[in-house]
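Sharing a structure with you now.
Chain naming follows the written order as A, B and C, and within any one chain the residues start at number 1.
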């Protein structure tokens, strides 16, 4: 308060008070112990006077909002007369009529300011009709839940965001009944440029913006002093209150050298931020895949499936693989799957954000301190500008090379070009469902997936056709850039996705500089085009309910048993088990279509749901479109859960593992790996079909095989 | 509206993924039965063996070998401790000396077992398949190159040649004149009146001779004339062949008077060599001269003087010596020029007495084959020997031809109405002439031992 | 395996083979002095060819033990098994010269007759049984897993009934919970809409209990279902219809589910019966053929040794 300022004198509720000039009536009353109820006004924000709850009688024609009306010399203010209280009552009643009671905040902590006012005013049921059109919820942000229904348009959040934090994300949208708060250009909060500082939420008087307490669980570990947290650069500019609200969602953990921090395949919900010390990231599963092979050459060859180690098994198609994507800023080299992380690194993002199983085992290399956090805090962190900068920097410096090189076609990039790219690329985040590029729009960038899954789908008259799910290490939009055509498909984020955007001009430069890459890309592109074209032609226009209901349309290859021939001798199952080390990858049960049993065995779906969520990207399509499981499967079971048809099963295989008690020694253990029909690729024909003595089992393309049948049925139907 | 919706995944999740590794009653049953039934079968088989029952039937043995049916090793000689399926000839030759034929000529001598198939039940071991013969005889090659007989005989029906004697130029070698036609005429003067002869009066099977209707009343049968019996003659069972024709039994009844040499003697000359007859005559006349003092003056009976041979009147004998000479000369003339010559061929030489040509009647016509008249006894003789009633010449061959055989015997004809035409029906492979006696070396229990 | 037009080659082949064998047999039997039999050359040829066929047919079993060896498609083996096995019997009859022999040979002939007849029966069964099974048992499952599926049906039924009890007793939250558990474990879909404040319906509860414990549970517990009331589709339908009239309408969907469970149980019982019919002949065919092969081998060894 400026002592030099001129004082004004006025009477409030009969009390003579003297305040410096420019003081609002609200403040004047407050400083003299006279409470005036308010909603939209908050001490640290500039008053805007939108709610009018703080109206007082200043003896003029209209009541004045005390929060913005400055005190004037000789003013007589009455805050508590019956008419004023009546007006306030009406105002609160009007606001309440548009406010769900109890709102989220009232339910949670009972401190919704509006409801408290209503309670004080004794308002049970507003006299006014509720609005009929819903205003909606926005749950896209991990940290903050937005309930537009509960919003009273007090603008406190907007002022907090813009004026206090200077983030300039929040604003008003619409008019009249459509009025509301909006993030950026009316984007979902999670998809906006919001940095999750929490200021808005802290400011909100009602349940419109509330903290999303992630799972209600408290993490074990050292509770954190908020002050210390705020001292960390990654939480710079985050509202302290907000952090306090989330204090159970972030803890400090200390590990001694050698301790295991997390194991691959485990389920979890947290991410780790390394504050101090070093950790090792590695795969403890044998890099071995459940492989089927002929033990002898020639016609006598017997199929066996076994865990084949990397040395024993060089698969031609995979030989160009150099790294395994994991849920950390680095990729693991394929030959020696171990990497090191240091202070400032964050890992476990995918687990935390999308609940994928852990993709690798992390062990403390030195004594280390880390922050373990739930997704809301992670979100806060990831959205934090400082952290993003740090992440960006780290990525560019450390991970970009390996990431770029892990893409087989780009393996031949030279260091100087990567250096060139280092400052050109951009790290982009997308929330689930968010579109990265749209079919038909011109392509201007090349994208590499860093985190999460990208769904590539084409829209066509019959509906959407999923072409692929791209996991970490995949890339897209190269075809359009190569040919200069618009995007052929819409790429959208399936979950929390981070992509690396390489600007189109740099991509063109790269193509010009590295003709080999151009050639490879062109080849791959041609292949994709051809496959897509085939798939498009395959998706015929026949539609039959049952056929669709069973998902047969989705399948590319079905194992069917002609039930008029099948004597149920189980020979197919035994053959499969024989071919796969006593483990059958086929179950002779399922639904029927016509007189055929569609056995439970991989269908090579067009939309391979199984691929979504593999934490290490080991399930994928071969170029020939079969779905295969790569050797670094860590046995988390995600794909088996995802498969809608029960075609992937988890099977234990005996392996030798490092004995934790005696380092250096090996011990017998059991490792679970996912198995799925591999079509006995070493042979011309799947073993089940080969072994059927009754000519009943066939591997068929459903549309070709059932095509005639479907046409008949359709004709019969239309004939009715 | 049902809530229980079946989806592939739900159906699949119901299943135990390893169910096929666990035993299921049905499969266990199948497994156990698959083990049990063969075991039972093997045990049954072993038990059968243990009880000595013949579990293995290679076919029943022939009756002749049945006595040592359990002594397989008698024939199947073990070599190196193993039974041999093939029986070596030495095993057969232990009991049977059955020399192969023409061993000095043929290029190939088959093993015993290749023709004599054992383990075929009671079928005769000796009846061998034609193929055993035709393996050589269909295209016969001997060591010298050319076969003695016919080169190609592959069946009886078409290719069997005509019997050798019946081929053109063949004739009966017999030297005893016989007119079958004359003998078969009615009202022949028999010893006791007119007779009608038939075949059996003279031709009977060996061993079935019995009483002959035309046997000599007085003369004891002299030693049988077995002229023509050669060293080639193979042993034959009785009743297969006709007994040889003997003067004493088959001719003498009628023809004894043809040997009467003088009315003064009732007795006829003996049916014997000329020297014996001469001695008989001398004895008879010297006895007569002694008992008839007036013998010198007795005239010579006219019937004793054969016309054209001597000039009449005969000189009157003056003494006993002259009388004797004259009487014997006349008797000799009567016998040698008439009585003997009725049947025999008399050969005049410079010697005082002629010799009788050997009768040369073949005892068997078919020297390379066996024939049994007995088997054919249902037939009349002329059914086969059809030329006999009209035969007037001794040289006529009355042996029926191969065509006559074929009228019943056919090798490949309709089986039900034909007699067998197999080679072994008539022919025997073995050269029995060279058979050596066998010295047995087993005791009865040895052959009957169970194992 | 179904014998269809794809078998034409095998069919013609084996007929021709058989015809040749018979045609050869006639002069052979006429020419051999002792009549046809196993010991003659021709007889041995018949015997060994037929035995070779039998061994091949028997090898199908061995082939099935190593289904993934690339030894030729299993169905080609099956065709061979069918046709060569079929031809081998007449050949053996020709081999024996229409005699049954004594001792071992007699046993062999009888065994072979058993194998042959059971094989033909099996082939015939395989012709129409799969189709019948397919048509009559839409809810078919894996035969070996019928017991397991039955237990699961039982569990499902129990949880459905528990849920219904809870519902009848108005215990909404419990019903919801159990219903959720039931949907999760037994795979039911959707859920019941539970009206709050429902009256306790003791009578209906007793009815349901009686019917469930008296009929459904024993029926589901029993592995075969001969003679049980619910084993008869029409009677079961009638009983469930009656049950529906006794229970409040909001339990009708539970009754539907129970009926559906019983239907599935009935079908898998039926399937088990069909399966036994379809595969029962193997219990004769396989052991007998093993015995046949072993004794046949003994016969062959002894015959060739002597």
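Basically, a contact is a pair of C-beta atoms (placed from the backbone, for glycine too) under 8 Å apart; a residue touches a chain by one contact, two chains touch by 3 or more.
Since the structure is predicted, the reported quantities are computational estimates derived from the model, not experimental observations.
Of all chains shown, the one whose average CA position lies nearest the global CA mean is C. When C-beta pairs in contact are tallied for every pair of chains, the largest tally goes to B-C. Taking the CA centroid of chain B as reference, the farthest chain centroid is that of A. Here the spacing of chain A and chain B, counted between their Cα centres, is 115 Å. Centre-to-centre separation of chain A and chain C, using mean CA positions: 50 Å. Distance between chain B and chain C, defined via averaged C-alpha coordinates, is recorded as 72 Å.
Multi-chain contact residues of chain C, defined as those touching 2 or more other chains: 141-145, 275, 279. In chain B, 6-7, 10-11, 14-15, 20 are the positions where the chain touches two or more neighbouring chains simultaneously. Within chain A, contacts with two or more other chains are made by residues 570, 574, 587, 589. Chain contact summary for the complex, chain A toward chain C: residues 298-303, 563-571, 574-575, 578-579, 587-589, 592, 595, 680, 683, 685, 687, 690-695.
In the complex of the two chains, the chain B residues touching chain A come out as 6-15, 17-18, 20-21. By the touch criterion stated above, chain B contacts chain C in their complex at residues 1-7, 10-11, 14-16, 19-20, 22, 24, 26-27, 29-30, 33-34, 36-38, 40-42, 44-45, 48, 53-59, 72, 76, 82-85, 117, 119-121, 123, 127-129, 131, 415, 422.
Per the touch definition, chain A reaches chain B in the complex via residues 550-551, 570, 573-574, 577, 582-584, 587, 589-591, 598, 600, 643-647, 649, 651. Touching chain A in their complex are the following residues of chain C: 1-2, 6, 60, 64, 66-75, 77-78, 126, 129-131, 133-134, 138, 141-145, 275, 278-279.
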